[in-house]
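Starting off with a structure, shown below.
Going by the order they are written in, the chains are A, B, C, D and E; count residues from 1 in each one.
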């Protein structure tokens, strides 16, 4: 197949270009120059990813031949370096964690054997792009670019607030761009060894970033993340060993066709690796721990992109797993995670933990969709990835900005934000609306999902129905907190500078994704599904689109109408059982005057966190083991 | 239109009464008297109420609360003072802690005598207050609704 | 555990006529001896001794011997009936009917006409 | 298309009339069960018209927007339903309406509204699974998510989905705001929440709430009707019967707590709903 | 964080017909702390004894509370009569017992209704009050007032009840009892009612004693104390025993009251059977001097009237220790850790009478 030159160049540009800013940033100390570099690097990356989407011929998969032997050797050297680096980092482990270097070493040995001990045929096209990869690349380029743009301001503020921490910002920005490069690699790699290499780099970045602050807690959480991802890495290495034989090169090829028998096991192992990377139960705990990292890291690695690499690979495996018992169990792992994580999100008041559980929950849904693997569910999975990436990045960055203005990440401290910091509040509201409410993004995907599951997997449909309740609960109560207006609330400092730009663009993107999602579907997802299954999918009927558009329109028009009311109604203080003492203060017991104090419900004694974690982790563990055993 | 007459919603407040009138107010809601026949509902929320039905001699601690409740009721509204205490302080008028009738605090439209006031008398009083409510509603409409709420005298 | 225990009671109630007394459309005669309202039965025989006023726990009754007036402030009256019991001339009476509500505050005044004359019921 | 439009117009005009009359009948029936006479049949209309003339007050200028939005989305969800549209979209629009209502209560920063709002979304969390499963059940039995297809399929849904129907009746009690599940905005005064969600609403916005509730009731009865749509007349009779059954239940139960509500609704969804779905899936398809 | 919801529960609150304030400090809906604020119905009633004639005070004592009105006036009169060493006629004593038992039934029925409404069982509230109205008719027929009886005075009672009226009253009571039995059945058997009361607001026996609970609140925790055992009036001549329940929860307190209503029906029947003819009042000689306190059993529990006279027509001191006042400490104890939706139910099961407590 002939490759249009331009797209191929863009792919290689995306792979290599971020390394430039990465190396420069590792060397640069000055804040101004750093900002400039980050801005330019982010802009170029984003532009290239958009350009790639634009030039990619609709619906086609481009195979990119890359005949240079240097590339393969560079990858091998890189793998060795990464493994050695990780082993060296394990100096600081505790006794309980002694298994981690063992797993990493085992990975290395397996890989070494696959690489040198066996005679594998060369891979002709180590890279490829299909519409789904292009969509992923656009997400990484744009969202990743925006998060990078947001970071210098945030990190400067972070270090002002924490003078006790060592300033390792040079390393930080190096890792950010290194990570972007690796993510593009994950998305474009066809050669499994390459994919593994990029995969391991993301693990490395995540490990270093979680440990950024250098506190004891951060270090322990970093090792927990490393350990779990190393398990995934081991499965990955096994998959490579099994997938590559003397007759077939180790590529993702095996995953593109329904694979009975031998090909199922590598698929299951890769799916296992995907589960660890996307923090599915029973591995979710590392993602919660990862929330100690600076907020841009949480946004970039732990919600919008890196954890998506896990589900991305799982989605890629869908054709191989479709209709198998392994696929069924994989879907159940996702479904269980979806429900359990949603329940757990209800019990949290720490904003980043809520976001983390909701991320886990949404990734669970995507895994469930991939496990079922019908055109409809894959359509839903791709749309979920898109909406989630945009809205979640917005939410994380919003929480980061709030943290630096309000001084807290606790949702309870965000009361009245709409009155005190309207811009930030609107950013958060748009993000939250995008996450769960009709007619916005996520809900469209859920709608598609439920329809598909009703046909193909009733059990998952039931899990989905049950999970949607708590999802609604925890988002709505957060929303309620943001929009409640205490009397006498005054506007104060809102967002500034880079943060404002990044947040504004993300707000527009989220809104755009919600309003213009049919375009995204038509541009990327529908062609991809067509290419995958050879049959078009008409999920979005005209009448339904019309209804959704009408609902969206109502949401826009209604505020306008209600603010056009002829006269301001009489203002009265809230009902306080007659004990009003001006504004929303009341005369309480013993003659004391209290201001109204309201706390959301967390149902901690109803949804017992430990019990849910234990049960769901146990169940997911059983399912995961079953999934591998049945493969 | 005369819908105030057909749907008067009550707010009952006990501004330090002995309970005698209060249980008679509640008795009005129950099967034997059933004021829901007239569309009367005991709302329990000043913001939903049209009629403030108030019992008891106002004591010092209740003064502000009565004002608050009255202030939170949307216009048009009427006040019915039920029972001797609400009218004048009744048997407690001489006490050091009692201000006297409700009209010492907020304007009263209808006085309902009795100690304790009988349910029938309460019905009479509320029915009388409806005409006043209608009048106030018409007045409000005439002023085009832009006017200030009525100031307590 | 038993559910719908009240069902029998509800069914009976629905089948029966409601137990509501349709006041004010239908007025029930109050029981004999009920204390509804205090009335000045016959001002003619009143001797203006003022005992009723003195005995009244709420000082609702004012008797002015010089003007030959007997005044009742209904806002204060607690219908205890003490005055009725104490009246030496049996001028006062307790009626079963309750006193009606009123809009304007007023003192009920009864003046004894100097010569044979009817009472002034205002 | 024409019938869809007719459905929407009918919904917009007739639903509040029917809903108001039902509310009036509800109040009379309740009164009779309690041995009282009760209000006139048209009482709900009197109430709404009175509220319309009332000079409402607000705690802040945002709160009325949410109420208007609630009203609008209730109308929208009914419009989708009676135009014969997608059942899932009906549910999502209804959920959106519910969220708007809760947000309105939150916006006021008032203690009783706050508790009302929290309870409202607790209730939504309780009934959402069963509602979605009901839609899925109808899809499995009637082979479509579209109301018009389900209605014209001639399939006796209620016979295939008896469990789902029972579960739906349970959550219907929550949605109709009837005892034992009238937690967030009791229509009886004597509750710990004063009026919960509507505490801070007065005048026209309160009237909107009442009217939206009539609309909502009709829509929910529409769901009931759909179970019996193979015989439209029977469907209407069944919807009315269910409504009056709910009134009787309202009068025959104490109000339960939110924990019991969530548990009951989820257990119903898990046992009645899911089992029924499984049976339909295994036996009928 | 440490942020908690604080709800101003009252003074104006539909659940509380009377104003009292509680700061309910909550986490989710769990009440962590309940801090009361009282005084909204304080009318300075005891101090009025210094201004009012001791005979007039009977009217004021009756208006301590409009629900337990009769027993308040009866207790006050008993205390004064003791100071005056006044022997009142037997018939008056019997009539007092009959009226005080009627007042107990009326109070308990009222309570049953309010409790039903507190747990959202509106029709049960309506039916309780429907039945109660029939009793109020009897009270009005015999005493002249519906809730403020106004029949007790120092030296006896102000009016007699003729034999014919008493006979009709007994017939009516029998019919009433049959109707009441149905309602009592709902309270004691219905599943949803049990769900709202069983195991809620448990007051263990030791706590009930230590915190000084009285009345059904005490007896619901298994302590068999009833002030009527002091045999005031003619209770010594009637056959009865205090009613107790062991569980100490809301359900137990409810059951105590339910059974007490039946007991009151029985006591009225017994008293009406034993009543003898004769005068109903004696003349009051002079003014009270010395101190005394009378203990009686009200529907809500034991009440104490302390009177101190100095030989003038005004009392020097009048003090009432009302049952609700005694039951407030146990209430605050059992409110801790309950759910918001149980607050009204728990508050009601001590049968609070704020106007008693604050006077």
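Here is the rule we use: a contact is a pair of C-beta atoms (placed from the backbone, for glycine too) under 8 Å apart; a residue touches a chain by one contact, two chains touch by 3 or more.
Because the structure is a prediction, the values reported are computed rather than measured.
Common partners of subunit A and subunit C, by the touch rule above, are B, D, E. Among the remaining chains, those touching subunit B and also subunit C are D, E.
Traced through touching neighbours, the fewest hops from subunit A to subunit E number 1.
Relative to subunit E, the most remote chain by averaged C-alpha coordinates is A.
When every chain is reduced to the mean of its C-alpha atoms, the one closest to the centre of the whole protein set is D.
If you average the Cα atoms of subunit C and of subunit E, the two centres end up 27 Å apart. Note on chain placement: the centre of subunit C and the centre of subunit D lie 50 Å apart, centres being C-alpha means.
Subunit A and subunit D have Cα centroids separated by 36 Å.
Residue positions 3-4, 6, 10, 13, 18-20, 22, 57, 78-80 of subunit C are each in touch with at least two other chains.
Across the assembly, subunit D contributes 31, 33-38, 55-57, 111-112, 114, 189-190, 194, 199-200, 203, 251-252, 259 as residues in contact with two or more other chains.
In subunit A, the residues touching two or more other chains are 570, 572-573, 575-579, 596, 598, 601. Inter-chain contacts, as defined above, occur between A-B, A-D, A-E, B-C, B-D, B-E, C-D, C-E, D-E. Within the complex formed with subunit A, the residues of subunit B that make contact are 13, 45-47, 64-66, 68-69, 71-72, 74, 146, 149. Within the complex formed with subunit E, the residues of subunit A that make contact are 349, 410, 412-413, 576-579, 586, 588-591, 594, 596-599, 601-605. Subunit B makes touch with subunit C in their complex at residues 31-34, 37, 80, 84, 87-91, 93, 101, 103, 109-115, 117-121, 123-125, 127-128, 132. Within the complex, the subunit B residues that touch subunit D are 1, 3-4, 6-7, 9, 30-31, 34, 36-39, 41-45, 47-48, 50, 72, 74-76, 137, 140-141, 145, 149.
Looking at the complex, you find that subunit C touches subunit D at residues 3-4, 6-7, 10, 13-14, 16, 18-20, 22.
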